[in-house]
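Please read the structure below before turning to the comments.
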Amino acid sequence: MSIKKYNACFLGCESEYEDADIVIFGAPFDSTTSFRPGTRFASKVMRSESFGVETYSLYQDKDLEDINVFDGGDLELIFGDPAIALDQIEEFASEVLSDNKMPFLIGGEHLVTLGTVRAVAKKYENLHIIHFDAHADLRADYLGQELSHACVMRRCWEIIGDNKIFQFGIRSGERQEFTWGKDHVYTNKFNLDHLDEVIDKLKDVPVYITIDLDILDPSIFPGTGTPEAGGIDFNTLLGGILKFTKLNNIVGMDINELSPSYDTSGVSTAVACKVLREMLLVK
Amino acid sequence: MSIKKYNACFLGCESEYEDADIVIFGAPFDSTTSFRPGTRFASKVMRSESFGVETYSLYQDKDLEDINVFDGGDLELIFGDPAIALDQIEEFASEVLSDNKMPFLIGGEHLVTLGTVRAVAKKYENLHIIHFDAHADLRADYLGQELSHACVMRRCWEIIGDNKIFQFGIRSGERQEFTWGKDHVYTNKFNLDHLDEVIDKLKDVPVYITIDLDILDPSIFPGTGTPEAGGIDFNTLLGGILKFTKLNNIVGMDINELSPSYDTSGVSTAVACKVLREMLLVK
Amino acid sequence: MSIKKYNACFLGCESEYEDADIVIFGAPFDSTTSFRPGTRFASKVMRSESFGVETYSLYQDKDLEDINVFDGGDLELIFGDPAIALDQIEEFASEVLSDNKMPFLIGGEHLVTLGTVRAVAKKYENLHIIHFDAHADLRADYLGQELSHACVMRRCWEIIGDNKIFQFGIRSGERQEFTWGKDHVYTNKFNLDHLDEVIDKLKDVPVYITIDLDILDPSIFPGTGTPEAGGIDFNTLLGGILKFTKLNNIVGMDINELSPSYDTSGVSTAVACKVLREMLLVK
Amino acid sequence: MSIKKYNACFLGCESEYEDADIVIFGAPFDSTTSFRPGTRFASKVMRSESFGVETYSLYQDKDLEDINVFDGGDLELIFGDPAIALDQIEEFASEVLSDNKMPFLIGGEHLVTLGTVRAVAKKYENLHIIHFDAHADLRADYLGQELSHACVMRRCWEIIGDNKIFQFGIRSGERQEFTWGKDHVYTNKFNLDHLDEVIDKLKDVPVYITIDLDILDPSIFPGTGTPEAGGIDFNTLLGGILKFTKLNNIVGMDINELSPSYDTSGVSTAVACKVLREMLLVK
Amino acid sequence: MSIKKYNACFLGCESEYEDADIVIFGAPFDSTTSFRPGTRFASKVMRSESFGVETYSLYQDKDLEDINVFDGGDLELIFGDPAIALDQIEEFASEVLSDNKMPFLIGGEHLVTLGTVRAVAKKYENLHIIHFDAHADLRADYLGQELSHACVMRRCWEIIGDNKIFQFGIRSGERQEFTWGKDHVYTNKFNLDHLDEVIDKLKDVPVYITIDLDILDPSIFPGTGTPEAGGIDFNTLLGGILKFTKLNNIVGMDINELSPSYDTSGVSTAVACKVLREMLLVK
Amino acid sequence: MSIKKYNACFLGCESEYEDADIVIFGAPFDSTTSFRPGTRFASKVMRSESFGVETYSLYQDKDLEDINVFDGGDLELIFGDPAIALDQIEEFASEVLSDNKMPFLIGGEHLVTLGTVRAVAKKYENLHIIHFDAHADLRADYLGQELSHACVMRRCWEIIGDNKIFQFGIRSGERQEFTWGKDHVYTNKFNLDHLDEVIDKLKDVPVYITIDLDILDPSIFPGTGTPEAGGIDFNTLLGGILKFTKLNNIVGMDINELSPSYDTSGVSTAVACKVLREMLLVK
């Protein structure tokens, strides 16, 4: 027996940094969450619960042990100051990108996506975003706050411009978000129906994928801040993710909005872990 | 700033009584619940959690802010005496009806429907009822108690007569309920399959709609007293509700059987709020 | 009134032993559970909650009161010694079988199936097993432990041999389980698609049915040790069970892996009770 | 091995009726509970969890296996009609008393005490009651309902008269309850301070003991309908119970107001089981 | 019957603004919470659950119905920007003070106290603060953030100066907080031992009272973000509050740090309601 | 910024192995738990939640950052085979001891203590044990199983002999345990009353300290398998721990029986973390 330092990275993500193709890291931030906070615990709890998941995917016939992923842990973010938190996320993602690795962010509330998108957009021209979500997140501001989870795709749009954002699964928002959105983003309401066409169109451009897990129906994903009934089921989400294999230039990914303490059964965390595994294996 | 009295009505239901077309009110009563009580808290918790829902419906492209709903709060009902509680509900609904507004009752156990139906049936001849539920609720009595949630549709039948009640989604009951029911009510088992035909038939008569939320599968609605697997999913229920727009004479509505404390994730309450929003917008 | 001894058997299973065709009994054992224990409480909690279910099945138009089931209670098993526990289960099942009654085991973790299968295989030559599960359970050993829930179907295979085990719904496992399994068992991944053909093939041979309830999607069955998203829904499982009526020689049954305390809503327990009722009525 | 019918009585209460000195029975009734219902599940859950308690008491150096207690199970009570439920309780208790056994009732809400007290008062003249509770329960009526948990001691007083009820631990009520109470009952506020004197005074008269478990501080007993901070701790309650050994004529006992589902940790149920054990051993 | 608008103010706080001596209001803010958020729901849930508490206090023999309290509801605060939130709180409290009423703030995280203290300190010279808490809250900054719950008493000290803050119950903090604190504030560690002397000293100066409810032991108050074992029990806290009657010039009060969703039993909320009642009656 | 590998050791236990004086390690084992399992998660959850605790102790005026503790992570133990699990624990502890560091074990069920005691007893002659617990754990066997949590102190006694074990806080067990114990171990029932004398007596001999956290009252520590009311409060336990500073030769320590999922408030885990901190600082 040889005594080793405690290590508790996400299941199967045990590469050294130098060897890694993908770097996962957590952004435990939920200060602008308007309804029920708690996403700050997502990455921690996912690591802890990931040992209930297999490294092998029967869906893709691939194993996490065959790819190289480094777990960079969680950023230490300041609560109550989104501007500084976003800077910290951007800085970390930029360093990963400059080492030619793909950043994979685990939120936190959806606002954290903005940090990674800023970093990715600096490196890749003509960036496109595929956005899975229950909510449009297209508000100009939320009670005056522009750096809010409810505005995150609007902020991303300000960086990458018109017709670069492709939303799926959207089923909730203010009327104005949709009115505005019609001229600036592509919105596939309620489901993933036109995902094939979009993927076909984006297959050679740099694509950032952001998945707000509340795109899932709350029956299978109750552990989130704003449960919104009428979402897609797990197999539909999984089917969508498997289609990402046709994208030739995925430059960044994130999943967000798991709030584990709202689901004492642990199912939501198990779902998030499985989604993470499948996304890692897709790349 | 001007300091105003605390108000915590259901989201977007802020009309004055005089201006209102619909009056929502709660009947926090569950004294005859035979398995797991707790529906008494439904209306209170729904108001409190409704601010997690949007006023705008992407499904109907309508907004609660465009219609006129008054929130009459909760009746103060006596626990342990269903006869008196039903009188109180009937009295309130009658006053609403006499002011030419539509009563919208939030239960409570399903028995409370009887109070509103009594009031509505006095005003409207030829009343029909559309009944969504997992349970037939057609018993003559339950352990000798005639004013029981398990008998509520039988009691309604005594008021409005044969072939006026149309049940959907029913998947549980005693054998005798179905034997009796065959001659007196229309029962569409398990799902909403023949709803179109029924709505077509009822489109010009006075219709009361009662939705026992346990028609939903407990995967999406675990917060109820008697969870009964095999129910419809949220989008199916929503599809059913949207069809009510074809009814020209809806004279009363209720939703019931949310028991929020059994679902610590809050999803069931969020579902009930969304159902309420869609039903209000349908009218 | 006449005062009788307390009796709390499963709903509608009140036959005397002599009169019974089926004997249900609990095996409260979870010592080898590798992730989240708690299935030891399943049978106890199911009895306690079964009074929330009807004895009548609208799906089969049959009633538990019309069949003869004896509830033998729970075995008193030693925690921490699977070999002895399995012996106790085998002994009990053997006695039931020698009295020409069918044993119906309520787990516990899936390992307990091995005890009943040993007993059944001694009595019935050419035994086949229909296995519903999320997990293949085909490992040679788990961290060196051969008597583990993760190995239970491998142990059963050692008893009954090649091409006798028919798995459905499998969506998780190690790569090696599937590699090995290809040559020894029939595995229908993800769903029940080819169940009809299998039932047709097995309709006259002795069949043991083991249902790991985690074949269900965790949306409807969160109360289990290793929730695995992407499972079948309740109506699909029910449809599968109803097909068992075509089997002419069912010689034993079990359900397992309910871990009630992970689901504070009680839905998982209600689901397990309903599955038990339908399986009892199928026989 | 010999297969026996399932039995799940309270730990160590396995006497036959004929041999028993004490008969425990449950009254699963909570229809008049004004705040949070759920005490109907207390007796069921206590039986189920009692196997986590030892039969031996280190406090009294006595063992349940040395005394004779019969578990009569739960009465099947009608929800929503307290008058009938009380009649059923009274009838059962009367039969027990006529067989010269002591009834020990497990509530349910506190109202159920009235049923047993009626039976006991018919048999024993000069009945006194020792009442442990957080609440005075002395209202004339509650929203017009006279058969309410909040009125139960007032109803008992109507049967046994002035200066026969001795309350301890009371820390909540309406002002009028205390104004009225001053002339009719003995109330020891907040704690058990004068219990010795009262026991000394009552040691040779017939005494009925009713313990509303919410006399305990909610830190140790959160599983109750109306948690009221500032109660006594467990050891103080236990000390009080041990003093009952000085009473020479205990003629009936009850404990009530456990509402197990409000305490997912199971502690409240474990506390109730331990209190029950100590009370049984005191007699 | 006359139909009135829904009102759901805190129990017994139904005065009109003009008549009120005390104005309670909620500050649902927790953006700087560093461990477990959720205090934003405290005021909402307290109102909803307050009907489980009596208006009458047996401890003080006073009734909420005899005093005049107005419930101003909850401020609508921006999440993620503590500076603006504090301005909003200060503005509201200032208006209350300018109308010669006492503000009573319900947090929210402890940072909200700073808003009210700013308003009160502008009106009253020589302001003193009595501070009940488990944590010293004296940091200069927390990860660079100066407007943090962990710094709130340091920020208050910057306004009112040395030897004006009297802390009780403190049992946690960084070493530096205590080193710094020794020269600037009075700290009574662990308990309320010297409260009498402090109250005697402050009886004629303007005093603001802030109670972080985590001064209570988590056994009785688990529903808080950072549970810290070793706190005082409820009766000790109550005893402390009753001593405030000797203060002749209480100019503001608050309670904070209830995070209701961490305590599914509801006890923590019931405790907070009872503390609020007793504090209102003390004034 | 420099990207480092994820590390999630217990708060403030970040020494390298070579520099450490104390080595903490987890034994996630609960296979013999007879009532409610779940202690296997204790060490994992404690690490994850430890960041809610301060490194500084106001009680001892010491800081974890001033001592040298290495976190060796969790052993990978086989479920369902206590003999092998104990060997693995013994092997690890032996290696730590041979490097002249003190092992500090985090259970797991109490049986794991046996592994460390075996290792310690091999190195230190005349070993004594101080044992804090609610339960005597002195059975010869439990349902035939000798390697059971209920027998652990009996097994330790077999190693170190008569009058070497000093038990405190014991309030539950079978009668035989106490009869046997009288002649072989010192048992201080219910509390820590004679701890001073024992510590005085043991101050120069090698002492192993094992704390079953269920010595605490379940009001403050509900998250355990067998809650046993009537325990000591946190400050009493803390007082006891502080007395260990007088022991000159502590050679091993453990805490055990935290079962975090039974306490959704997180308080039990926070308590365990605080106890661990104070014990580490005592050494």
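Think of it as A, B, C, D, E and F in the order they're written, each chain with its own count starting at 1.
The rule we apply is simple: a contact is a pair of C-beta atoms (placed from the backbone, for glycine too) under 8 Å apart; a residue touches a chain by one contact, two chains touch by 3 or more.
These figures come from a predicted structure and were not determined experimentally.
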Checklist outcome for this item: Under the touch definition above, the chains in contact with both chain A and chain C are B, F
Item to check | Minimum number of chain-to-chain touching steps separating chain B from chain F | outcome: 2
Item to check | Interface copy of A-C among B-D, C-F or B-C, judged by whether over half of the contact pairs recur | outcome: B-C
Item to check | Same-residue or different-residue interface between chain B and chain E, half as cut-off | outcome: same
Next on the checklist: Quick check for the class: compute each chain's Cα centroid; which one is farthest from the centroid of chain E?
Outcome noted: C
Next on the checklist: If you average the CA coordinates per chain, which chain's centre is most distant from that of chain B?
Outcome noted: F
Item to check | Between chain C and chain D, centroid-to-centroid distance (C-alpha), Å | outcome: 40
Checklist outcome for this item: Multi-partner residues in chain C (2 or more other chains touched) are 36, 217, 219-220, 262, 264
Next on the checklist: Going by the touch definition at the top, which pairs of chains touch each other?
Outcome noted: A-B, A-C, A-E, A-F, B-C, B-D, B-E, C-D, C-F, D-E, D-F, E-F
Item to check | Interface residues, chain D side, partner chain F - complex | outcome: 51-52, 54, 56, 58-59, 61, 63, 217, 219-220, 233-235, 238, 264-267, 270-271, 274
Checklist outcome for this item: As the complex stands, chain D meets chain B at residues 30-34, 36-38, 40-41, 76, 78-82, 84, 143-145, 147-148, 261-262
Item to check | Of chain C, residues touching chain D in the complex | outcome: 1, 3-9, 16-17, 23, 44-45, 47-48, 70-74, 91-92, 95-96, 264
Item to check | Interface residues, chain C side, partner chain A - complex | outcome: 35-36, 170-175, 178, 189, 217-220, 222-223, 226-230, 262-264
